[in-house]
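What follows is a group of structures, each given as structure tokens.
Common to both upcoming complexes is chain A, partnered first by chain B, then by chain C.
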Partner chain A sequence: MFLQTVVTGLSIGGIYALMAVGYSLVFSVLSFSNFAHGAVIMLGAYIGLGLVTKLHFGLGLVVSGAMAGAGLIAIVNEKLAYSLLRKRKAPSLYIMISAMGCAVFLENMVYATIGSRFYAFPAFFKQSVLCLFNGTCNIALLDLFAFGISILAILGLHLFLIHTRTGIAIRAGVSDMTMCSLMGVNLDRLISIVFFLAGIFGGAAGVFLGIKYLVYPTMGWVTNKAYIAAVIGGLGSLPGALLGGLILGVLETFVSTYVSSVMRDVFSFGLLIALLVWRPNGLFGRDTGEKV
Partner chain B sequence: MLSVTRLNVHYGKIHAVRDASFRVGKGEIVSIVGANGAGKSTIMWTLAGVLKPSSGEILFDGKPLPGKPHEIVRSGLALVPERRRLFAELTVQENLIMGAYLRHDKAIEEDLEKNFALFPILKQRLKQYAGTLSGGEQQMLAIARAMMSSPRMILFDEPSLGLAPIVVDTLMETILQLRENGMTVLLVEQNAGRALEISDRAYVLDVGHIAKEGPGKALLDDPEVRRAYLGELA
Partner chain C sequence: MNYVLSIVTLAGINMIAVLGLSIFTGFTGLFSFGHAALVGIGAYASAILTYYYFVPFPIALVAGMAASALVSLVIGIPTLRARLRSDYFAIAILGFGEALRVILENLEITNGARGLPGIEPFTTLPIVAGCLAVSVWVASNFLRSRYGAACIAVREDPVAAEMAGINLFRTRLLSLVVSAAFCGLSGGLLAHFLSFIQPVMFTLVQSTALLAAVIAGGMGSITGPLIASFIFIAMPEALRVAQMWRLVAYGLVLVLIMLFRPQGLMGYQELTTFFRRSRNDRPAA
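Coming up: the complex of A and B.
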């Protein structure tokens, strides 16, 4: 039971981390919380659902298709709703309000076109369970798969940011956007890449959420949790997003299992408040000081 | 090489640069001196493409300067900005990689070695975060970073700011050295005396417009300049 709870918690935590990475990336580059990210995740889930029900793709292709689709949607979202504000040097609060508008718009677009029905993914290997200790411990393969993919994806992103020219440019942009452009970096393109990365991680998270629970227009609001994870870890920090997601996922699962699932969100938000009091910048938050 | 005609720049409602005209010939060191708030940095950020001029013409090698910062770097103009503006959370090496961001040629390694010859200390600090360097080392890295784009002309905005006098000596020698190697330099300084000493020609900027121009040495001897910008008592 204990091990089972840990694994379930880690898999939920992994999904939170995938979503939190999207928040963190965008926040670190543009200093605003992209509240449309949840809608992108939701659309990713619908894309995955479409691929499996209409085209009967396998899990690998469904996840990749949803990732690519959500990545492109994130780019278009930035181009249409944020880039003009950005170029007029609007305060980040305005961009955040625009993001909230996008979230509501996209949700209602789904209501108007696809409808408000709840959809379930067909079972990929939902029923497949790994039995340990004579059946006292049942671990769903999907949980292991989701956890594994989440960790691999975040590790991949980390390596990308450390070792590639584009990755270094993204980190340079985080440090000083103007100077980054004076190095010859095309900022519009760099920001598109950042949104694409956030989108593909969101697309994967959307499919996993859809498989684990259901697909519906407001499912994106679960990103509240991812947002908490990102803040706990320290907005803008990648290891922070990962650790924040895992801590939150495990905590929630333990509370649901051993206390009561009704109390789950009380603990999540309580953790957030406690952490903000103790460390306002989050676990890995950056204290930015400039040396003159 | 660079020719600016009747340049006007506005910061919102503030008219920061008024009808400024100046030129920099190939292989010259030209400086613009003036008091704090005279519009010197505004001119630099405009040349780098970060600020947009409200009117005026900027020709680089006879062609209009492109509009976006990344296109300007590509055309061969690099800026060493005021207060260095290094990527503090990136290592020295990554800062240098960013300097060469647009390049794919073979000479990158060569240019890196040239920079290490000029600033040997940087080679020892490659893996260190740029934010942990001393002020003088940061200035070296800022120059090296700009040089990595292999520019034809380099802009220095207040390079001596915050540096100890002895470090400023080295800095001025470095700028002379760069010119020896064929670089064209536009230098903006509050520290007018030091800038005029090494300049072929100079302009005095006074609340947004060019008040005086002439050879560096001549301006250095000009009583009015001495009184206004070199702190000499009348």
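Coming up: the complex of A and C.
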């Protein structure tokens, strides 16, 4: 029972981490909370669903298609809703409200056009379950797959940020945007890349969420959990996002197993508030006070 | 005619909540994605009093205001004392609002997610108009007072305000409690107008709609948000648009306003200033 709870928690935590990375990446460069990320994840899930039901693609193509689609949506989102504000050097709060507006707009656009129906992905893994420790602990193959992809993707992103020219440019932008642009980095392109990266992670997370649960317009709501995970780990930190996601996933599963599944969300939000009060920069966060 | 009257009543009820949020967001400069939950607390507190305990309506309304104000202290004290970044504060109060809704959905006395049906419909248009008029009067006096001036100073520049001897924590908390009381009043009126309340009526969507009215109406203005909230309620009804397209429009309005007119419809100005100005512009006879 205990082991099973840990395993279930980790598998949810992996998806939370994948989504939390998107929040963290954008926050580290533009220091605002991109609430439209949830909507991008939701659209990624719909793209994946469309690919599999209309075009009958396999799992690999579905995931990569959703990733590419969500990445492009994230770029367009930035160009239309944030770039003007960013260039005017508007307070980050304005960008956040704009992001909130985007989330409301996209979510209800899907609601109004595609409808509020719940869609299910076809079973990719046919309920295959891996038994460990003489059957005391079961892992669905899907969970294992999603967890593996999540960890690999975050590791890949880490290597990308450390070793490539673009990665170095992004890290330079994190520490000082103006200086970075004086060094000859094209800021517009850099920010587009950051949003694209956040988007592709969101697209993958959306497909996994859709396979694990269902696809519906307000599924982006789950991403508030991912935001909490990002805050726990410290917004703007990649290892923080990973660790925060796993911690939140495991803790939540413990609460719903041993306390009550109803109180799970109350617990997560309580944890968020307690953590913000106790350690506003999270476990790995940098001290990013708002500039006067 | 009856239909039009009910729309106007609903708009009036909504305007009281928007007025409350405008004190907190428009005049104190803190954003909240959780004020709908405070409306919900006021609605449930007053409805439970009249429904189970047969408390007179005015007393129930006041009790609803008090309940909202008290609940706002629970979130306000820790988060405002910790001086969270403004977006962290917004997400903290969002989480608080959602947690409140889950609690409302699982209490015995609130009848859970099914909601409370059959609340006595005490709310009438004259009552709403009276409450709105008193609210506007109280709000404008509050904002003209020492406390209101402190709020505006905190919005303009927290650091400078603190240098001038304003206690940031106390000023923000006071503003939150006052705005919560207005939301509680709005909730009490709403419950006794619709005679049915349900926890899903007080979600993030509703909070966003309140915030959209404040931002679209203009920060630092009382009349602007009131006009905007009236337009937001009346327009979709007049055009007979479905609920979901209304929400699509809210989102779009938020983005467009931030992009092209961040100060909103009447940023930092009141309707009365236009009248005053036009009188002063007249050449001396």
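By definition in this document, the second predicted complex is superposed on the first by the 282 of 292 C-alpha atoms of A that agree within 3 Å, B and C clash if a C-alpha of one lies under 4 Å from a C-alpha of the other, contacts with A are read in each partner's own complex, and residues count from 1 in each chain.
Definition applied: a contact is a pair of C-beta atoms (placed from the backbone, for glycine too) under 8 Å apart; a residue touches a chain by one contact, two chains touch by 3 or more.
Since the structure is predicted, the reported quantities are computational estimates derived from the model, not experimental observations.
Chemist: Taking chain A as the common reference for superposition, should the pair chain B and chain C be classed as clashing or as fitting?
Modeler: Chain B/chain C on chain A - fit side by side.
Chemist: Looking at the overlay, does A:R165 come into contact with chain B only (first), chain C only (second), both, or neither?
Modeler: first
Chemist: May I ask for the angle at the C-alpha centre of chain A between those of chain B and chain C, rounded to a multiple of 10 degrees?
Modeler: Result: 90 degrees, to the nearest ten.
Chemist: Given the touch rule stated above, what does A:S33 touch, chain B (first), chain C (second), both, or neither?
Modeler: In the superposed model, A:S33 contacts chain C only, not chain B.
Chemist: Return first, second, both or neither, reflecting whether A:V185 touches chain B, chain C, both chains, or no partner chain.
Modeler: first
Chemist: Go through the superposed model and pick first if A:H56 touches only chain B, second if only chain C, both, or neither.
Modeler: After superposing on A, A:H56 lies clear of both chain B and chain C.
Chemist: Identify the partner contact of A:I97: answer first if only chain B is touched, second if only chain C is, both if each is, neither if none is.
Modeler: second
Chemist: Just chain B (first), just chain C (second), both, or neither: which does A:K87 touch?
Modeler: The answer is neither, since A:K87 touches no partner chain.
Chemist: With the two complexes superposed on chain A, say which partner A:F105 touches: chain B (first), chain C (second), both, or neither.
Modeler: Second partner only.
Chemist: State whether chain B or chain C is in contact with more residues of chain A in the superposed arrangement.
Modeler: C
Chemist: Check whether A:V174 is in contact with chain B, with chain C, with both or with neither, and answer first, second, both or neither.
Modeler: A:V174 contacts chain B only, not chain C.
Chemist: Once you lay one complex on the other using chain A, what is the shortest C-alpha distance from chain B to chain C, in Å?
Modeler: 18
Chemist: Give me the intersection of chain A's contacts with chain B and its contacts with chain C, in residue numbers.
Modeler: Residues 290, 292, which sit in both footprints.
Chemist: Per the contact definition, I'd like the list of chain C residues that touch chain A in the complex.
Modeler: Going through chain C, the ones touching chain A are 31, 33, 75, 78-79, 81-82, 84-88, 90-92, 94-96, 98-99, 102-103, 106, 157-159, 205, 208, 211-212, 215, 242, 244-245, 247-248, 250-255, 258-259, 262.
Chemist: Quick one: in the complex, what on chain A touches chain B?
Modeler: The contact residues of chain A facing chain B are 165, 168-169, 171-172, 174-176, 178-187, 286, 290-292.
Chemist: Using the touch definition up top, name the residues of chain A that touch chain C in the complex.
Modeler: 32-33, 80-81, 84-85, 90, 92-98, 100-109, 111-112, 224, 227-228, 231, 262-263, 265-266, 268-270, 272-273, 276-277, 280, 288-290, 292
Chemist: With touch defined as at the start, can you tell me which chain B residues reach chain A in the complex?
Modeler: 48-50, 68-70, 73-74, 78-79, 81, 83, 85-90, 94, 97-99, 101-102, 131, 135, 138, 145, 149, 162
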